[in-house]
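Chains: A, B, C, D and E, in written order; residue numbering restarts at 1 for each.
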Amino acid sequence: MIAALLLLIPCISALALVILRPAQARPIALVSTLASLAVVVFAWISYTGGMVLHYDLDWMNAWGLRFVVGYDGVGLLMLILTAVVFPFIIGAGYGQQHDRPAIFNGLLLFTQTFLFGVFLAQNALLFYIFYELTLIPVFFVLLYWGGENRRNITVRFFIYTLLGGLSLLFGLVYLLIQSGGNGDFTALQALNIPGGTQVWLFWILFLAFAIKLPIFPFHSWQPETYYMAPLQGTMVLGAVMLKMGLFGVYKIVFPIVPLGVEHWQSTVILLALIGAVYAGIIAFRQSDFKRLVAFSSLSHVGVLCAGLFAWNTYGISGSLYQAFAHAILVVGMLYLVGAMQERVGSTDMNAMGGLKSSMPRLAALFLLVLVNAVALPLTQSFVGEWLMFAGLWQVDGWLTLLAVSTIVLGAVYMLYAYQRVMLGPDRANQQLPDATTRDHLYLVPLIAVTLILGVHPGPILELVDAPVLQLLSSLSVN
Amino acid sequence: MLALFYLFAAISVISALVVVSARNPINSVIALIVCFLSIAGHYILLNAQFLAMVHVIVYTGAIMVLFLFVIMLLNLNKATEPMKSLATRIAAVTAGGLFFLTLAAAIRNGIQVQAANEFDAGVGLVRSVGHVLFTEFLLPFEVSSVLFLSAIIGVVMLAKKEKHQAEAPVEPLTEAERARRTA
Amino acid sequence: MSALVLLSVLGVVLLYLGLFSGRGILAPVGILGLLAALVLFAADWHLESTLFGGLVIFDTYARSFSLVLVVVTVLLFLFGMDYYAKVRENVAEHYALMVFSLVGGVLICSFTNLVMLFLGIEILSIPLYILAGGKRDSFRSGEAAFKYFLQGAFASGFLLMGLALIYGATASFDLAAIEAWSAVTANGGNMLFLLGLFLTLAGLAFKVAAVPFHFWSPDVYEGAPTLITAFMSTVVKTAAFAAFYRFIANIQLPGAVENMLVVMTLFTLFLGNIVALRQTQFKRLMAYSSIAHTGFLLLAFLGTDGRTPDVLFYYLGTYALATVGLFIVLTLAKRAALGDENIRIFRGLFRRDPWIAIAAMLMLLSLAGIPLTAGFVAKYRVFVLGIANGFIWTTLFAVLMALVGIYYYILVIREAFTPQDQESKELAVAPINWLVISLCGAGVVALGVWPGLLRI
Amino acid sequence: MILASLRRKLSANVAGGLATALIAGSFVASVLLFMGFDPTSGGRTVKLLDWIDVGGMQIPLALRIDALSLTMMLIVTGIGSLIHLYSIGYMHDDERAPTFFAQLNLFSFAMLMLVMGSNFLITFIGWEGVGLCSYLLIGFWYKTPEYNYAARKAFVMNRIGDVGVVLAMVLLFQRFGTLEYASIMDMASGVNDPLLIAATLFLFIGATGKSAQIPLFTWLPDAMAGPTPVSALIHAATMVTAGIFLTVRSSVLFELAPFTKDIILWIGTATALLAASIGLFQNDIKKVLAYSTVSQLGYMFVALGLGSYSAAMFHVTTHAFFKALLFLGAGSVIHALGGEQDIRKMGGLKGHIKITYFTFLVGTAAIAGLPLLSGFFSKDLILAFAFQRSPVIFGLLLFGALLTTFYMFRLLFLVFYGTYRGKAHPHESPLTMTIPLMVLAVLSVVGGLLNLPHLFGGHEPMKHYLETAAAGIGYEHLELSALTEIILMGITTTLVGFVIYVAYGRFVKTTTLEGEEATMPVFKRLIAQRWRIDELYRALFEKPYAWLSTNLLAVAEKKVMVPLMNGVGDAAIRVGDVVRRVQTGNASFHLLAMLCGLILFLVITLMSN
Amino acid sequence: MEQGIITAIRTVPLDHYVLLSFLLFSIGVAGVVFRRNTIIILMCVELMLNSVNLLLTAFSAYHSDPRAQVFVFFIMLVAAAEVTVGLSILVMMKRNVDSVDVNQLNRLKG
């Protein structure tokens, strides 16, 4: 029931929006996302642990593709993340002027449908199908509503992402053959693939997620795409779609090719952290606010990935927890980018500065979002980062040092950005409006979520704890 | 016998070479006719008398005449053809030669063929061939009418100069074909 | 069988109609005839019967493929109603030739004797040589016809030589006998057989436009009238593949020939996709992409797997569906752009006609192999077969090439969804075209979601 | 508990009063706690809620009340209350005063969190929280870019220290499986593990960041950009002592890592001397005090390095009194002069602002270590410990103390004596500002009683009190004879007196003002330019970093990574272009190519047969 | 007489026919590639087909199987049809470009 609702609510709304094209597209989309949120909250409340399976329908059973949906704690966390973030993403549209808003919002809702699908799928091929499908609406969002040079960047993004996707498909098909044509995760996870195979299969499977996340050498599509995409598109990309990468690693790479993970673990962590540091350093001198958010996201994701690959309870839990924090953060930061753009007319930080004088409240809100970005304690990010560092230390002290250095880099570029946007002398004749009711309605809940989950991360960590332990123990048995 | 074979073989190969190398299309046609006749000789050597006859009638009598006709019609009977560049010619000859060499090399160790049936001197006679044709291979025989019909339509469609002139010949030919088919 | 007769008669009837009455009723009559043939095919469904002393057999395989051929031809005839609306000359001949060609197609789906294979291929091809030159006043059309004919005849020569050698080795034209012979003879030991197999496959590869026998395809696709191009890339391709597989299905292929097929698959995948990257003419793009799809289909041939015919059938059927629709869209856009065939004529399609644009998008996505379209399922199954049969690296290469393929399809989609720079003419969409495009667009999605609908 | 009420409060004009009331309330609460606390019980832990609980890691949100945290709480809330009160007057004219108080209160909250945390991670909450508040308050006047820079610098340097703390925590957690102070200290006793050296070193790195030690001290003088009460509260009395606090908290660990202690000792000494030397030639009243703070913190670290934790805590306490006093006094001076901070433009103010003068005098005397004032006892204790360890260190520290005396009295004399050299009309500060001054002056005088040594009839009550909280404090023993102590004190006192005399002669009698830096001798100029350490850091870190950032983007990203990605695609397309040429369009070439392909395949087939 | 025919056929080894056929076929192939005059190319194609016919007849004789001869018969049929179509295309081409040079056909490329 829950799975069906989650897949149907956004999908039907999206179809309605695209086909009927009502004038009031945004409220409808908003209501739809809120309804999904309600369903997810219900699922959360009624969740008692273990794997909740909902459907198991015949599709192409002979070819290993079955419609099996359900969720465990981690899946539920991802569902929560998606459901929580999407109302904000839709809501961010209130500040934006769009050509054909109905179709735009419809596409966003399609994305949500497919994202739910990804997090619900319990069959590897079903997962893959949803995974690829998310690209389609995003592709059109970027292509039609994107910024400068969107034609080339969109195609590049699409192809690059699909490079990973097809590689994943190849890997899954390979596994499917090994498992005798059963593509369910349970069946694939039960496979005992020889170590030598796992070593190369790891990259075949991981490539998709490495590009999606993205980690260091595979990241070059990301900054330009984030910059070019319409605000809400960037939010979808940064807040949710990238989490598919983490989820995929957790769901596919870890249980299926554990020996491969063992073999490549330090390489991946190193790459991820190099990327984190690299992006963190670059972000410092970015003069464009949106690009800065892009690089900061890149930097955060590097740490996320490293934490995940620490491959112990703390690392994985921390990374998954941080994924949530990061989603909230990205949405908040991007909303601020939008708010600034709305007022100043550009995302260039050279055009800003001294804005605090005319908008003290927005500056305060900015600061609160920023506090999460630099992972101060009692914010969500801190919990996640602490757990990841604790996890990473068990792998390698030097790598931890590299990871921890990002908290300094983060402080450097974030504060510098804050200073360049908000602080400094007044600019002449800039009477810009301060935070409106809409801004408050938007940012205050986000900040509240950040702080509440920063002080009381229990509910989320509980979700993650058991599945991760189970995963790790099943691996140690094998 | 072997001597005869070699004779015919030599004639056919030489005439084939002439076909390929002659500047004037007319010479080519003549050489090809010679070649076909020598092949007919091979057929007789191989005890395929009926085939030899049909071969001479169809190829030498019909097809080659058609060629000649077209050459005359289009006034191509001069050695007007500019030769291809040397490189292309060398490449073509090399490729053709290589192709032969590879094929020949493939069977350099001899071929293993086991005669499927006891020898039957009447195999090449009209009776035997006709029997097979009209019993076992009736369908292809029938179906080839479709092939001819298409070819005829094609000729009419492609080669006709003006619409008004073209429409006339379509009809009788089609009729003839249909008659053949129903036979 | 009666369907075969019906089809042959249909062609003749169409010719007569062309003489006596208006062009208007040609297509409807043709469609009615085809539908009747469809009914006849369907009437003895699952009824295996060997006909004419074992020259043809209308088994499930043959019937399924024939059905697809006829259905696609129906779609093309529907398209033809609009396409030929303004043409005055030779319309009846065009329809008739298409029907004759279809007869050839049906024959090679069902052959059990090499003589039938050869004749069927010729019956399939000769009308096409003519059709490719259908626009008599167009130089490009003439060139296409000539190139097609020349290379086709050349390839026929190889095919024949192959068949002759096979006969020489096995002393039979009968497929079953050859299979039996191949089963008891040592693999590759008999040079005549090996050479014969090789040359026959080369001749067949020519028909399916596999590298290096593909040279005709881009030129002919581009030069031929659009409807004929659509016919070639759907009906002819499907029939040729059906024949190809029928030929090799049960023959014990010597390892050397299998290697040759692998190399051919790799070449085909590579060339088709890579060269398509730089095509700006849509028809040429489709030609190269068709070569690329040939590569994927060849991948399904490698190794022996009982699922191959089903995969082949599904792949070809959905491929044909998407291709037909796209060629119609091309015609519409081409008309609006006064005969231009560059992919930029699609620019702004979404603004000009959203529905057509979305349908075109779905078909392109299907060709690209994006999930929830039929193309994905098709490619997926091919990959499964490839890996299941142990051709892991070849499959990996195919996957990589699928990515390249996505790129050039995406470029077309990008054009369609980019607002146009200058005003171009509105699309004039005839209702019948709208219907066919919608059918194709909906079809690829429906078959992608319920793949079980299309199976042997 | 009390903290709940200390949550960030926003209000209108009464914000100051409300904020003061709140912190005063928490002071009262602290006092009540102090009264009700039984030192012998060793401390209580109050668990508020589970914070992080995942896969074997259980970190509750819990507070610990023991002697150490109570001491710090008293300092924080007590001095905090006074400074809040003071701020009401000081920030009277600023339109963003409510924000100021909110941030000040938030700081108090974070600081209390820091000292009350029952485990490292809770302490770290406060640790980072005070960093944030420090950032906010330094950059309170956000319209001046330099202030923002200073704020950022402070935060980043603190962050560098935080990296150390995080690593230390990770390490300790890895080793002990918990972060609770009590558990770790229990488990650590007697453990001999090189890991502890690493952990303590990391902790010390954190401490250097927060407590402005070499090499991370340069932010503190810059931090004077903030309003003066902030300097007093955060950058003199409380936050900067967090490093000391943390070290004392984990004294057991440090006791097990003598190597770290040596490092601390030497870095503390170096910092004390370096900062003191810089203080000699500073002309900004707050900068002088800032360097003096750095220097004093150096003393405290020396104490820690010597293992005399109670001495350090004692000095923390007294230093809190007199340094807060000095800063507030300086603030009062600045207030009186309408914002002037350059001592070259002051002078002769003792007639104008008497209360300020008097209290400032007390503060100066205390920091200089004039006998029987609070600074005398605490500093002397440290010197005694140093002597016990090595006369060299004693000598160095003594030299530092003399330098301190010199520049403090230079400051005093230049500001209050001589003739007035400025333009603004000086006026005495309002009562809200002078009352805290007076209270602190009293405390500065009597603060020494808290830990009155045996020599003067006391029995070191503070030391014994603290022993109940931190086991490490029990290790320290001063084993000098009374005679030695008296001699040492005598030497110190004499020399201090002599230095005061020199300063008097130099600054009161003749009022020697420093000339422009350019005219100074090289060495003196170097000192006046703060050993050019800021410039060094800028050249070593900031500029390369900015260069790296620019070039990573311009070169690595744009010239390598992106072209690499595009290059693969372009290469494919280029290959396509090449392959495409095979399709020449020439019919007979196609035939030839077909034939060649056929032959090739034939050869492949035959070869592989 | 029968015996005589058998001797006659068997004195020429099959290899010879195969080789001869290959040779003629190759000459035809080379000619197709070699010549520019389309009409001669068509003749070369005929040569190729005839070499196949020869081969089939030889096999037929050795297998004593009339089917191959029937196949030859069909090949002749197809050849005739092909030639007609080919020549008419050639005529069309001559009309369009006033040449039968293969190299004239090179507009479709790339």
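Following the convention adopted for this analysis, a contact is a pair of C-beta atoms (placed from the backbone, for glycine too) under 8 Å apart; a residue touches a chain by one contact, two chains touch by 3 or more.
Computed from a predicted model, the values in this text were never measured in an experiment.
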Handout entry: Least hop count linking subunit D to subunit E through chains in contact
Key = 1
Fill in the blank from the handout: Intersection of contact sets, subunit C vs subunit E, gives B, D
Completion exercise
Comparing each chain's Cα average against the average over all protein Cα atoms, the nearest is chain A
Problem - Pair of chains joined by the greatest number of C-beta pairs in contact - result: B-E
Completion exercise
Relative to subunit D, largest Cα-centroid distance belongs to chain B
Exercise for the section: With chain centres taken as the means of their Cα atoms, state the distance from subunit A to subunit D in Å. Expected result: 37
Problem - Where subunit A and subunit E are represented by their mean Cα positions, the distance between them in whole Å - result: 67
Problem - Distance between the centres, which are taken as Cα means, of subunit C and subunit A, whole angstrom - result: 43
Exercise for the section: Return the distance between the CA-based centres of subunit B and subunit C, expressed in whole Å. Expected result: 30
Exercise for the section: Scan subunit D for residues touching two or more other chains and write them down. Expected result: 569, 580, 583, 585, 587-588, 591-592, 595-596, 598, 602, 606
Fill in the blank from the handout: Note: subunit E residues in touch with at least two other chains are 18, 25, 28-29, 32-33, 35-36, 41-42, 59, 63, 65, 67, 70, 74, 78, 81-82, 85, 89-90, 92, 102-103, 105, 107-110
Practice task
Please set out, as single numbers or ranges, the residues of subunit C touching at least two other chains.
Solution key: 115, 119, 122, 126, 129-130, 133, 136, 145-147, 150, 154, 168, 171-172, 192, 194, 218-219, 407
Handout entry: Interchain contacts (touch definition) - all pairs
Key = A-C, A-D, B-C, B-D, B-E, C-D, C-E, D-E
Completion exercise
In the complex, subunit D touches subunit B at residues 588-589, 592, 595-596, 598-599, 602-603, 606
Problem - Touch list for subunit A against partner subunit D, complex - result: 156, 159-160, 217, 219-221, 223-224, 278, 281-286, 312-314, 317, 354, 356-357, 360, 367, 371, 376-378, 382-383, 386-387, 389-390, 393-394, 400-401, 404-405, 407-408, 411-412, 415-416, 419, 422-426, 455-458, 461-462, 464-465, 468-469
Problem - Touch list for subunit D against partner subunit E, complex - result: 580, 583-588, 591-592, 595
Problem - Of subunit C, residues touching subunit E in the complex - result: 114-115, 118-119, 122, 126, 129-130, 133, 136, 139-140, 142-147, 149-150, 153-154, 156-157, 160-161, 163-165, 167-168, 171-173, 192, 218-219, 222-223, 279, 284
Handout entry: List of subunit B residues in touch with subunit E within their complex
Key = 1-2, 5, 9, 12-13, 16-17, 19-20, 22, 25, 28-29, 32, 35-36, 39, 42-43, 45-48, 50-51, 54-55, 58-59, 62-63, 66-67, 70-71, 73-74, 76, 81-84, 89, 92-93, 95-97, 99-100, 103-104, 107, 110-111, 113, 115-121, 123-124, 128-129, 131-133, 136-137, 140, 144, 147-148, 150-152, 154-155, 158-159, 161
